[in-house]
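Read from first to last, the chains carry the letters A, B, C, D and E; within each, the first residue is number 1.
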Amino acid sequence: MKIDRRCFLSFIVGGAAGTALSPLPWKITDDLSIWSQNWPWTPVPPAGETSFVTSTCTLCPGGCGISVRKVDERAVKVEGLKGHPVNDGGLCILGLAAAQLLYAPTRVRGPLKKVDGAWREISWADAIKEIAAKLADLRAKGQPQSVAWISESDRGTTAELCKRFLTVYGSPNYFRTPSIQDAYETALYLTQGQRAMAGFDVAQADFVLSFSSGLIEGWGSPAYMFRARNAMRQNGGRISQVEPRLSKTAAKADQWVPIKPGTEGALALGLVHVIIAEGLYRKNFIDSRSTGFDALKQIAGASYAPEAVSRLTGIEAKTIVDLAKAFAGAKKPLAVCGRGSGRIPGGLQEVLAVHCLNALTGSINQPGGVIAVPEPEYIDWPEPEMDAVASRGVQQPRLDGAGRDGFPLARYLLNRLPEAQTAGASAPVQALFVSGANPVYSLADTQAVAKAFSKVPLIVSLSSYMDETAAMAHYILPSHAHLERYEDVPAALGFPKPILGLSKPAVKPAFKTKYVGDMVIALAKAMGGPVAEAFGWESYEACLKQTLGNAWDTLVKNGYVVDAKFKPGEFETPSQKFEFNNPALAKLPAYAAQRAPGDEKSFPLTLIPYDTMRLASGPIGSPPFLVKALEETVLQQNTALVDVNPATAKDLGLSEGSAAVLSTPKGSARVKVHLFDGIMPGLVALPRGLGHTAYDKYLAGKGVNTNALISPVEDPGSGFEAGWGIRANLTRA
Amino acid sequence: MDSALIPKGVKRCSIGQFALWIAVVGAVLLWGVWAMLLCYFRGLNQTNMNNAYGFALWIWADLAVIALGGGAFFTGLLRYIFGKDELKHIINYAVLIGFICYSSALLILAIDVGQPLRAWFIFWHANVHSMLTEVAFCLTCYFGVLTIEYVPLVLENRQIDRLPFFHNLTHNMHGIMALFAATGAFLSFFHQGSLGGVSGVLYGRPFGFRTGLLVWPWTFFLYTWSAAACGPCFTLFITRITEMATCKKLVKDSVVELLAKIAGWMLLTYIVAKIIDTVYWAAVTAPAMGLTLMDFYSNNPGSAYGLWILIAEVGVCGVLPAVMLVAPGIRSNPSMRFIAVTLAVIGACLNRWVMVLQVQAVPVLPFEGWFGYMPSWQEIATTILPVAYGIILISLSYRYLPVFPQEQELNPIEGGK
Amino acid sequence: MDQQNGNTKKYGMVIDLDKCTGCGACMVACMAENNVPFREDDTDKLLSVSWMRVYRLGNGKPFPQVEECYLPRPCQQCEGHAGHSPCVSVCPATATDYDMRTGIVSQIPTRCFGCRYCMAACPYHVRQFNWWDPIWPDGMERMLNPNVSVRMRGVVEKCGFCFHRYQLATDKAYLDGRRELEEGEYQTACAQACPAGAILFGDLNNPTHAVHKIAQPDSTHGGRPRNPKAFRLLERLGTNPKVYYLSSKEWVRKAGDNQVQRTEQTPKA
Amino acid sequence: MFPFSFEWVWDMGHMVFMGGLWYALGILGMGLTFCIIKAVYDTVQGKGGDHGHGHH
Amino acid sequence: MEKPQVNVTSAASGHGEKEEGAGGAVILFFILGLVGSLLVGWVLFPQLLYSKKRQPVDFNHDKHMELVSDGCESCHFFRPDGTYSGVPQLAQCIQCHEEPNGEDPEEVKFVEEYVKKEREVPWLVYSRQPACVFFSHAAHVKMAKMDCVTCHGPIGESTSLKVYQANRITGYSRDIWGENMLGVKRKSWDRMKMDDCAECHAGAHVNPGSVQTQKDGCFVCHK
């Protein structure tokens, strides 16, 4: 027998035949396909029991009811709470993406201390001990007023705890981040004598005149405004949007009136002029419920005749007259202001002018009008005992000048803090707490803010995320994420009724975090003495439960308590009437259209920031889903697009998609050009909410932060931040 | 060194020269293989395809090589079924080119799918209503036919032929080759047509969609027809290129002219049908879907898809070569003939290009614009890969197999071994 | 065919473009519900997976006559003629199917082997390919919904009207001994989330459902809406979609089909 | 592909398509089998190789 | 190259033993290859393909069945939302097993290792299906009144849990494909592949809504 090549061949053939007749090749083929259907690196979410936790969203002051869907102990999705008076099942894009915030890679996982420029983990006990020691030191030096606290809100138990801490410690320097609320609260107080929040009964109005307010771009309580706007239009109501750019609100309005930016107040006065001149105002309101009408008549007199206003605003005189007639002719007209999502208070005179328009048509505290919603009063804690240091400290002037000689009307002027910190030889703020706010990102002229903050020897960030301010801090004492904690939600911004919501933990805290309320209590206790005595609560939860009292059970069950039968109170001015010209008002400087900073020669264009629902521009950074949902006309790769009118672009030699450099007196940035017919010539528009330097790779480094390019503008009468834009130039890159 | 493998009575270059040549082409081949591996292991993100361009360069390459590989089935049909006996002198090469084209098509398809490990689902879980299923089945079967047709040629290698079993196998296979050729023609008719159907049935894509006959859109028949017309042109084109590369006359003019004449008439009739189809589509089909002819050709950036492409395909690369090949005076001129077959080949490629890429580039939703696409280097490399592979296979076959029966007669060597 | 038996439903949507504010909540609700992956750079919409996409439409006029409208586009769930939607019949591996009992076009990613023929077939671009492996940053995979399978790289995916919600709703009904679902029991994530209430979802075959009452589909004319304010995208192609749009503006209704000049160029580098 | 697979339906489409396919496959398979068997037979009969043809 | 040629030539031209001897070797090697590969494919391959794992605790279904009042649903219950709870979680077991009830070492192990340490038991689920599968227990058990045994076999009568064999490629239990390498099944619970679902569904004409297959729509069983 000879073994040759043919034997080998034969062996192979036999082997092949045998293999083919065995399950081996077929099973492997099949199993490989099954493997490819379940690649080990493709996650498979574990199944489990589904449950829902009723809560209130605290990502913005909108106060929406949410239902957190859980699978076992995982929060899978946040949905709107059906039947909730604010949002009735709907929810905004940010609220819907909330699970991404909960599980974000940018969450701070435990207390951190900055040592030699690098973050080191530290225990809660040590962190609080160290900070308490530093605070005690300042107090011992008699400088308790050098401690400041910045937060997004000044209402509710958390804010009250922080304020209480500062008070018993001895500092008057609590800051609320600026917003249109500031201006509205002041306007309501000046004209109606009411310390109240402005609610807007958009749903029942039949004509809404919006002065650049993004009714569907985050203004007020976003989800409520969406619903109210639709309800109102469903009933035959109309919306006129006055705005320099065709925002989504303008696009969805019945009428878009393009206006030169910054002149909205002039238009309001122009409308007042026409309404008075033509006798279109509600005589019964003016006669029986108001005083000082003549003063208003005088203010809106000759200088605000339609032709003059036309020159100022760029709107045709006839349009102004028609608009006035349409507004006054409506049964339940409502005028609103606050640009975009209302992050900037704007000039007080502007708000007053718009508010007077409402008064002329009697749309004050009436269905379909502006409603003075009383500030919540459920927090009734005993006055704290204060020692001499504290008493002296709180008597010191506020660092921003609010409530003092310069700006007697304002309560908080955070916009003035950076300059105060850097102006003098010594820095007045020696310690700064930041909770629920990201001022290094969100205040105008971020470079100046960062410079001012760099002069604070101790910054403690209470952020859940590694945001821009946290990155600058010396300590980060991370708070629970919004789905991990109890918190009362004292109001829904812009909602026309008092409503109290409760945010409940949907899941256990994932990391070594501590809620702000608990941190304050712990810090106070660590301070000892009168400071500790003012905080008798065992924990924040106990404090909250005790504070809410009878409402607790309802809140836990339903998530909210609403005063359905609410009727707005009477005017509380000395005259018990709507005052068009009380002494405080009369003292204010006359209205003047605010000019954009910068010189027109080197900066022939004007940059205006705009808001979009698809970007979170406040203290929360946009989660990945929001960035993903951005239009390609807003962001391409890491470059933001600016809206430019095709005619302007042609003059500048730019076309769709051109790479360009956008420069302002404050800085410059690379952008791309998007030709947009919906913007007035001569303007450049850039969205707010991009250009983060902190957070994760899904957000950081994308686009430009508008706040880095604009500079603050101070309203002369009130001290409010009134900037709406800046001179700019756009050149081909 | 390898002289024992080289067919008798022909002259080949030295083994060193040959190895160098293979190395050069092999380098290109390896480049393609590298790109292929990238696509396999990193996924199709290596390409520049996107959600608007789900089908791109690869599918075009597939359609094009299959159309050009049509020379095999059509020549086979002519030779074995219609008895054009003279074509036996070129059938080997037609089969080889077909084999290369079809194996290339299968290779590219295997890279093109997102889940290669599951690609066999197309057979196992077949949806018989899909044109792609028909393509896959017929393509695979016809590739089998081509293999069956190519195998005897391989077995005719001097050394293999000495083995009695293989010799007998070759003999027997030759004996029933007509049966295989007929089956091949049957399969080709359907898969060439189905490839036409691929875009023809897309009623959501008015540029490609055609009304039709029974379950087939007109493009079904146009594709079969154009493959039968342009496939032989490609065979002639490659034959001529090979002749130029080898500096030898390999096929007699009479054979070439016969095939060219048949291809010419096929092309002429095809182009008439194509024009009728285009006119009907432009005048009836598209307007019914809300689009005019110029919607498909205007407003696109850079005029990548301007009317020129239609003129080029139908006029310059359709009517012109058809007329040239039909006219005996022009056809008999080797240069003119070569120009004509080249144009016809370009025409087929252009046709496949627009029917794959323009179909998707044309915006259908009125609020969308044209979609642009530029292939990535990985796509280009993997598309060139089969070209390199084809060159290598042709080189090997030419060197070791009796591909051209007339070579010996046309190129007598003195004192042949 | 439609009313052969009581179980034959035709789930569909009515999207009121007058109400839609283009806020994008539907997109994110869909992504969160359906485990849609995201990437570090997702700005190229042609490479990104988003079952719901909100288009921005313009009337093509210059400042200040310019108008805009926002159009959310889920899968249109085309019925075509007798269930032969453009994408279904082209799939070689039967990975997608038209279900006559619900009117939903299914897509089974584990069956799909990524030939992308269906993408070429769909004129609405609702079908998207997973060009990359889906990757969630460490910890974020905790938000994945177990009712929807995560799709692997190399397959096509699309909106299926949150069909898992139908499965769960029927489960609940079965436990209660019912076979039929109430109108609100099965809702898509986008309809549920829309803060403007612009998206309605229900059974187009059921005359008591809001979607039927509003769209008034004309079954004798391939489901064409009788409501003069309603239209469907690319009605003339005969795709017979089940998503109806409402608009009081004529230019918007015209923009839904190839009858007017193109208005927005998709920016593409 | 096979009548026992889930996707199979006994309808015109499947019978024509798969019928055609299996028919073609059958012809190819049988043709090839015939060639191979006959080649084996011929070889055993001593045909072929250097003896089969005239050359050499 | 040269030598074998000589061989071939001689084999073809020669007669007698040489040729027959070679022929025998050819056949022998063919059989060797055939038998060898058959052995590899049928015997070795299955051994290599599946890993064998013991359950963390050897659960006795039979004993539990005697003690509970509501059959399988006592522990494998439906949730109020219609979903099915599947394998019980620790919280359920603790209701009876906070402390060992007897002397059974498996129970003691369970209490010590899992109850006391509050760890979920990492059960290996024989019937675990891929993530793309949606299976409604409600539809089968509540609506169609099917018996658990039909798909799961008489596991309720078992006194011990069998070895869990995981397919090393797919990661799934061998029970999905079935014990038999050919995939042949004798009992309805022998296999749990898609075709097995389809077989029953086709017979029962459950939801014939598919345009493509005229059987159930894909979404009936997929998610």
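In this section, a contact is a pair of C-beta atoms (placed from the backbone, for glycine too) under 8 Å apart; a residue touches a chain by one contact, two chains touch by 3 or more.
None of these values were measured; they are calculated from a predicted model.
Colleague: Going only between touching chains, how few steps reach chain D from chain C?
Modeller: Shortest path length, in steps: 2.
Colleague: Return the chain label for which the distance between chain Cα mean and whole-protein Cα mean is smallest.
Modeller: So the chain sitting closest to the middle is C.
Colleague: Comparing centres built from CA atoms, which chain ends up most distant from chain C?
Modeller: Looking at centroid distances, D is the chain farthest away.
Colleague: Pick the pair with more C-beta contacts: A-B or A-E?
Modeller: The greater number of contacts lies at A-E.
Colleague: Quick check for the class: compute each chain's Cα centroid; which one is farthest from the centroid of chain A?
Modeller: Checked the centroid distances; the maximum from chain A is D.
Colleague: Round to the nearest whole Å and give the separation of the Cα centres of chain A and chain C.
Modeller: Computed value for the inter-centroid distance: 32 Å.
Colleague: Just give me the whole-number Å value for how far the CA centre of chain C lies from that of chain E.
Modeller: So the centre of chain C lies 37 Å away from the centre of chain E.
Colleague: Find the geometric centre of each of chain A and chain D from their Cα atoms only, then give the gap between the two centres in Å, rounded to an integer.
Modeller: 75
Colleague: For chain B and chain D, let me know how many angstrom lie between their CA-based centres, rounded off.
Modeller: Inter-chain centre distance comes to 25 Å.
Colleague: Using the touch definition from the top, which residues of chain C touch two or more other chains?
Modeller: Where chain C meets two or more other chains at a single residue, that happens at 44-45, 48, 58, 89, 94-95, 110-111, 133, 149-150, 152-153, 265-266.
Colleague: Mind pulling the residue numbers of chain D that touch at least two other chains?
Modeller: In chain D, residues 5-7, 46, 48-51 touch at least two other chains, as defined above.
Colleague: Could you pull out the residues of chain B that touch at least 2 other chains?
Modeller: Each of 115, 118, 121, 125-127, 129, 162-164 in chain B touches at least two other chains.
Colleague: Quick one: in the complex, what on chain B touches chain D?
Modeller: Touch residues, chain B against chain D: 8, 123-129, 134, 137-138, 141, 144-145, 148, 162-169, 171-173, 175-176, 179-180, 183, 186-187, 190.
Colleague: Which bits of chain E are touching chain C when the two form their complex?
Modeller: Result: residues 78, 80-83, 130-132, 134, 136, 138-139, 142-143, 207, 209-213, 217-219, 222-223 of chain E touch chain C.
Colleague: Under the touch definition given earlier, write down the residues of chain C that touch chain B in their complex.
Modeller: 44-48, 55, 57-58, 71, 78, 80, 86-87, 89-95, 111-117, 119-125, 127-133, 152-156, 233-234, 236-239, 255-260, 262-266, 268
Colleague: Quick one: in the complex, what on chain D touches chain E?
Modeller: Per the stated touch rule, the residues are 5-7, 9, 11, 46, 48-51.
Colleague: In their complex, what parts of chain E are in touch with chain D?
Modeller: Contacts found on chain E: 8-9, 12-13, 194-195, 198, 212-215.
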